[in-house]
């Protein structure tokens, strides 16, 4: 029985990622409505959207190829795979050793690669524009992500996610400049990677500003549902990754099934707070012009590098 | 005896051809005579291989490992050139470029030239060497102006004056050498024999010898085509009939270098240092650089390859100047392979010019399509001459460059610059001539392919496989030239 | 110093003087005359050396010099000049005073250069080597500074005179075979010169060497 | 079984060279040449492939001496794990490409003679193999130049095109200058090995035994690095590469990019790790810096490119850069005596070498198929080919995924290993390196992401969307043999990506030969599934699990949704109410690369022009048509090649003054030379 615990935990986590992701998205949207003084459709609205989309017929352009149809599945699969790896409710995940943090970044990259291709597949101007911008932003975010990773991995001398989280979790709470810098850089890249304001606006369909929406403009029905769902999971995963890396206290170190409910609760609390932060940022900031984004990401990179440097200079 | 036979054949056939004149079989006789000298030289080579160096006719002549291979080379290349010139000159005759008298003169002087070169190689006497060098100039100078065009007369005049003055300076060097040796060896002919000089070289007065060497290097260097004494060379090579360009480039330059190297050995021994070698290195590197840059802007194909000869003579001079077993070996090999390659290049260039009716590079196009064998001949010629493996020129340049890296690393940048520029220049011009589509109007020729591909095959073999006998000769020669 | 040696030195001085004469002479007939004189001095000095040193083969050299340099070559050139109507003034490239100054520098240079050799030699004629070398260099200088083909030929021949003088003065003559061979070569050369003069004349209508500057790399001004 | 493997390689080489003599005989039977000779080449490649694999696995060095060559310097041959590995790389690709060639070359029949191609193709292959087995300086250079010359003629195959001739020319000049530099490096080492009284110093064995003073060792290294770097296409010597590789027929481009560049890597590895065997710290730093510069400039240039084959060629510059980054790290680690980490870095670099051969070969073959089908290389004229080329498109996509370092394909594995090597650097005992090297890792991350962007564009513009011109309207799919060639390469990409542990275990002898340590052992403790180069705690990656995980999610979702009844309606593309949506309204390649052009444009020389079309009575403010053109050029042209060429010509002009035409001046030269020598030398 005990041997099966890790597998059970793994299954729990996958389920959590799958089904809690829309909730987090709903929470963010609802919070945003409140801060902007609008009436929100409720925290559960994303679930309703998904159900509606799944039951709808698909409208497909004549020249959409198999790439277009294959992409939603792949996107969904790769994101879920990523969700199975990061330690959200426990450090001791069996699948965790499958991929370290570098491989995790690559998992997201697969999805992005295909969604960008799908954007170009139907042959509209919007799709291509979205792909082009998405790929550019991703390229610029990548070094910053890696730098952040690097700084964190310096502590545990590992790139394995579980090992990192375990190492930090075993320490008492500590404040180190490098970690602070890394955390700030991570938040900035999180905004870019998950397509939030000020980099992208997830709710707009205005041609000049949309990036992610531009690529998926031609999707409908269950394809759209999968894409949307994957997007929500991505937000969820990124947020919980941040939580795991920078405030891992509360994530159980062992593989005891009994710790899980508490862990889920703690995690939920942290996520709710982080989401509130995101909402504040989105409300307070305006969407940037597209060619300001390099500066934004450059800042993220700079901060991450400063983190790394301060580790060598101040903490050794 | 063999040596005497060698001279007799070429001298006799020169006279014969002068008498026969422009008859039907003149070209064939020319081939036959050259071939006969070649066969005789082979006998000589075998002799030398078995018994080592020797002297003949009361010490008037001598053969050793150094000159025997040059003798064989000279007779071989003159034979193939004779074969080539049969087709080539027939075309020129048919197109009215040369007249009746011209053909007579051409054939006779061809053999005379061979005679002069063999004499220069085989004589034991520094004075006779000088005389035969002058004879070689004299016998070719009027061949250069054979076509009687203004530019050919101009070229011949420059050739004549510059080489005449140069060789006169070499005579001054010879006099000084005699002046020095007289005190050691005694008066009379004995004082001018290489074999004697080399024995007493360390007792010769170094000041006089160094003075003499300056005159030698400027004198014979003019004939080698060392920069800045080279200015006759591109003119003479480009304006004369192509077979003459081939032998001038392939053979005469070698002979002059041979003379210079002999002098260098003597002087170095007398001085007890590599002083003479350093002067040669200077000239060599200067020639290499100037010639390679001159290649870049060439418009005339024969002129271009003339510059390439200057470049390669520069390399060989440099190698001999550098000294040491590997570099000397490389220098000897370089003389051999350059001679073979360059003459074959001139063969193809001659045909290419006949096909296009011009020597102007810009007007020679699409040779591969016009006449595949001529086109590929040129491609491989250029590949070989630029020192691309597996041709023999690469082997020699490999040895020379690696040795330079060890003994004179400071000169390496210059050396590399020269080689690189020459390579870039030659390939640039070759490509425009060989590839692409040929012009509409072109002459039909019956090209002599055998000489070209025979030479290329030999050069190829020398890059991949080194025959035992050649190796022994070269190692012996290295020993002699120490 | 013996009397013959003194005479030889005087002759050497004469040869040097004629070299300068060639350098400054403007008229072509004058040049030919001076050249013949130089040959005569050379031949005389050779004969004297032969007499002093008792080397019989030098007489032959002297005779050869006499026939070739004093009679045959000047005559051939004279005929050429007459036939081709080229007895106008000789125009030098560098002006004559400057040429003379350069010539004097060359003589000093030759003297300086041959000084160590002088110390080594035991021959009576050893001092003349400097003269021989300067004759060679002055001949060279003449070839450089003169415009016409004929004057270049004369310069070349003067240069060879210097060589001959060096051969006799420095070493009491080269071995006979060599001397003969050299003489033969010069004769052939002279013939070729003759042929050339005609070729140039017929192809260019002029003997001015500036016609023959077509073959070159340098383009433009 | 002494020498059996090397004789296998020699057999392959012999077959290749022998066919050179045979092909011309069939000049009049072009179809026969194509259908017989190329399968023969594949067979020959199989021989050498087999030998290569076994040589690496065996770990022994076999030597052989051929009785030809220079006096006292016969051709030395040696087959050790290092050469075995590169033989594997070259042969595997050659095998695929030779199969592919059969179909591809057949397309030329009737247009131009293929004899020329069938002669130089095997020579090229043989040259590459010979480079890898040669064990003395002379033989090495002969093989090296044989390879260069053969590929030069292959680039010149379509010699009527002026650009091809120019490309071939630049290529050969750079290659030759590189070869001279290599020769000089040999000169340095031979000089210290045995001096120059004998020929024995030229063997690699003698050079291995030589002890060079550090300054001379560095000289040799720099010369060799320049020489091999010129061939590998390091920045700024890379300019020939995007000219020459696209000019060649695509099968040859595949070999040039995939295999020939690797011989240069082989040279660098052989020189630094084997012959000179004690790399100095600054060598590593140099190689690392050059590698990063090549990677970043290469990928940006590729991203800005509109010509499919040029894009691939520039991407080769990038990948060579990545390989060099690994090698540079290896040198740095070795100079600090950390063999395990050096082994990791070198393994990463060599793994990437193998991978790049596979996916770049695949991509060039794909590009060849496109070229074959459409006749154009400019992507702006393509589009929608996925509907016409049902086989080529997915295969090309595999190549794109691999080269973009996406799991579970092979490119990711080597990139992952390289990152691991980077993350090891904090253990170096040098503070400033610890600070600087991570920045290199960040640059590498940028490169990887840009590369993905680049290949989204390559695949998207070429295969997706609508046809942009007539050229692709009539396109057809690749012939079966072309498909087969591509399929083998694609399979290799996948297998190399999914089973890295097997490959790395196989490469164990290699890293122990080069670094004296192997990373395979530590991986072996955990099993074939998990790739753990140092320890399981440090980092791990399980490619099969990733593949399995994604695939199973995909399958489950697909099956779940499939059971649901919802129809798919095919409709015309939504046109926003314009009614007339044309293929020119698509995002173009130029448009796609606009953001990077704005962000990184300063690294290139960019000329952008907007011109109103011809006036047709409209006011100038409202032209009927606007022409927009943008030209991106490598700054290396303007900064490096142009000035060098200009300088050469200017010098040539000055030297021409020597030849003034005036005989007096010539005489004066002689005169002054005499005077000068008399004054100075005496």
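For clarity, chains are labelled A, B, C and D in written order, and residue numbers in each chain start from 1.
Keep this in mind: contacts are C-beta pairs under 8 Å (C-beta built on N, C-alpha and C of every residue); 3 or more make two chains touch, one makes a residue touch a chain.
Because the structure is a prediction, the values reported are computed rather than measured.
Of the chain pairs C-D and B-C, which one is connected by the greater count of C-beta contacts?
Result of the comparison of C-D and B-C: B-C.
Using C-alpha centroids, which chain lies at the maximum separation from subunit A?
Computed centres place C farthest from subunit A.
Need the CA-centroid distance for the pair subunit C / subunit D, whole Å please.
Computed value for the inter-centroid distance: 68 Å.
Can you check how far apart subunit A and subunit B are, centre to centre, with Cα atoms defining each centre and the answer in Å?
Using C-alpha averages as centres, the distance is 78 Å.
Hey, how far is the Cα centre of subunit B from the one of subunit C, in Å?
30
Rounded to the nearest whole Å, what is the centre-to-centre distance of subunit A and subunit C, using the mean of the C-alpha atoms as each centre?
99
Which positions in subunit D are in touch with at least two other chains?
In subunit D, residues 655-656, 658-659, 663, 667, 670, 674, 678, 682 touch at least two other chains, as defined above.
For subunit B, which residues are shared contacts with two or more other chains?
Counting only residues that touch two or more other chains, subunit B contributes 157-158, 161, 165, 169, 207, 211, 234, 294, 297.
Mind pulling the subunit A residues that touch 2 or more other chains?
Residues of subunit A never touch two or more of the other chains.
By the document's touch rule, what are all the touching chain pairs in this structure?
Result for touching pairs of chains: A-D, B-C, B-D, C-D.
Which stretch or stretches of subunit D touch subunit A in the complex?
Per the stated touch rule, the residues are 383-384, 386-387, 393, 397, 401, 404-407, 412, 416, 419-420, 423, 426, 431, 434-435, 438-439, 441-443, 445-446, 448-450, 452-453, 456-457, 459-461, 464-466, 530, 536-542, 545-546, 549-551, 553-554, 557-558, 561, 564, 566-574, 581, 583, 585-588, 591-596, 598-599.
Show which residues of subunit D lie in contact with subunit C when the two form their complex.
Touching subunit C: residues 655-664, 667-668, 670-671, 674-675, 678, 682 of subunit D.
Give every residue of subunit C touching subunit D within the complex, in rising order.
Counting only subunit C, the residues touching subunit D are 93, 109, 113, 137, 140-141, 143-147, 152, 209-210, 212-219.
Please output the residues of subunit D touching subunit B within their complex, sorted ascending.
68-71, 137-138, 141-142, 144-146, 148-149, 156, 159-160, 165, 168-169, 172-173, 176-177, 180-181, 183-184, 186-188, 190-191, 195-199, 202, 648-649, 651-656, 658-659, 663, 666-667, 669-670, 673-674, 677-678, 681-682
Which residues of subunit B touch subunit D in their complex?
Spelled out, the residues of subunit B in touch with subunit D are 157-158, 161-162, 165-166, 169, 207, 210-211, 214-215, 217-218, 222, 227-229, 231-232, 234, 275, 279, 290, 293-294, 296-297, 324-327, 368, 383, 386, 388-390, 394-395, 398-399, 401-407, 412, 416, 419-421, 423-424, 427-428, 431-432, 435-437, 463-466, 471, 474-475.
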